[in-house]
Amino acid sequence: MEIKVYEHKTQYYETDKMGIIHHSNYIRWFEEARTDYMEQIGLRYDTMEAHGVGIPVLGISCQYKSMTRFGETVTIEVKGIQYNGIKMKLGYIIRDKKTQEIRCTGESQHCFLDEQGNPVSIKKSYHDWHAVFESMLEK
Amino acid sequence: MEIKVYEHKTQYYETDKMGIIHHSNYIRWFEEARTDYMEQIGLRYDTMEAHGVGIPVLGISCQYKSMTRFGETVTIEVKGIQYNGIKMKLGYIIRDKKTQEIRCTGESQHCFLDEQGNPVSIKKSYHDWHAVFESMLEK
Amino acid sequence: MEIKVYEHKTQYYETDKMGIIHHSNYIRWFEEARTDYMEQIGLRYDTMEAHGVGIPVLGISCQYKSMTRFGETVTIEVKGIQYNGIKMKLGYIIRDKKTQEIRCTGESQHCFLDEQGNPVSIKKSYHDWHAVFESMLEK
Amino acid sequence: MEIKVYEHKTQYYETDKMGIIHHSNYIRWFEEARTDYMEQIGLRYDTMEAHGVGIPVLGISCQYKSMTRFGETVTIEVKGIQYNGIKMKLGYIIRDKKTQEIRCTGESQHCFLDEQGNPVSIKKSYHDWHAVFESMLEK
């Protein structure tokens, strides 16, 4: 299966007085792309939450390489970096759609929690999902 | 009891490329001031939610009078306009703290919902809260 | 020319602890749809700003009719309500894409400012744009 | 001089459907605290921008340790980690105000740009500011 790269069109409300996109929005775009990516491989956030499994963020990092401006569209490439059944790490590359110039790169780390806030082992409790998460690493 | 006027210091992430505070933030400041106001009169959002009562927004209006810039602090005055046990309407005046120039005026309308999403009559089910909500109108 | 209705896919970061989309985001979606609409009729925000013309918001209103949840996509219909060369008013209808249930309706009022913050008459100074703005009212 | 630790009261619009503060807001709180910290040591963002110097973010990292909920107030401690006249790195510790439990730790990296987007050496061009930035590292 071919993963379709996520696109985000920048919005006026995402700009700041420096005239560029405020840096906090890239963290939100990571989430947009992550949700889309997981949906494409068959792991919908809302389905997992309906099963009582949340996917909180344990850590975020972002290196800003160039500035994004209002009116531009960016592409966000997601890939699986680590997954062991309990935690996962995803990587992101944001590029300007037109020029393909890299805007930023980053990573997010996650675990899985049940509704009581306790860690969930996807490996033990959700075999189908586990197989899909594992397949992420091969892409 | 004297209500203390709420203050908000503007943040860089609230600006847009016009160099001013983006208009959508005033709606969020209404909420900040509303939460604070209700807390001051003894109706905490989190307490009400712990009792299973949510306070969704039914309508919002905002008239922008002058521009707010990064680094300025605004004051937000809240007052009760209508309340009938089932719905309420609040009014807001946002002013520059230093000059007292009016930045915007607005209103929000609300109802009360239980956890199943059904309307709640505060008048019938929460007599203590009802008395406090009624007292808002006299201020 | 047929205007294409704008679509927005709801994001996790737009939800609040009531489990629904926070009401302030609809104001941002109005802006997304307005920008897209103006682009479709040939009036790009960034082009106008490059000519030194900003389009600040003078007023906003929004009536919330039903709740939007994470994972849903909404459509946002925009139409021109008033325009006199100096000010304009636009109307919005947000619907669930799948069921077409109305999520909210609203309006925004705008004027036009030059880079010194003075009012601009589009009618007097930008004849081509004026013709396009006028054509909005016929749609 | 004693630096006063910055406080932020969490807002409803900062929550997400997991019932906690959305992780992207911590990046914004870093900015709030950074602005306040720089103001306390005598380096106001708006003053620097009035001199044509912007302070873009080159990188951000954040490790989330525990969850913050609506109604809680957090404290945000800032400290200077690196500064060489051209770039700087700041560190952050966010704690629950009441329990002092650590909510997250993080860092931000910055450079200085003039209005044409070219790097500025604070060391060479702004001696007074340079002395203040250097003094950060001793705190």
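By written order: A, B, C and D. Residues from 1 in each chain.
FYI, a contact is a pair of C-beta atoms (placed from the backbone, for glycine too) under 8 Å apart; a residue touches a chain by one contact, two chains touch by 3 or more.
From a predicted model like this one, the values you see are computed outputs, not experimental measurements.
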Please find the path from chain A to chain D through touching chains that uses the fewest steps, and give that number.
1
Among the chains, which is located farthest from chain A on the basis of C-alpha centroids?
B
Quick one: compare the interface residues of chain B with those of chain D and tell me same or different, with half as the dividing line.
same
I need the rotation angle between the copies chain A and chain B from a CA superposition, between 0 and 180°, in steps of 5.
180
Between chain C and chain D, what is the separation of their C-alpha centroids in Å?
34
Chain A and chain C have mean C-alpha positions lying a whole-number Å distance apart equal to 28
Touching two or more other chains - residues of chain C
12-13, 17, 20, 24, 28, 31, 70
Line, ring, star, complete or other: which one describes how these chains touch?
complete
Which part of chain B faces chain D closely enough to touch in the complex?
11-13, 28, 31-32, 35, 44-46, 70-71
Which of the residues in chain D end up touching chain A in this complex?
17-18, 20, 23-24, 27-28, 31, 49, 54, 56-64, 67, 117
Chain D-touching residues of chain C, taken from the complex the two chains share
12-13, 15-17, 19-20, 22, 24, 70
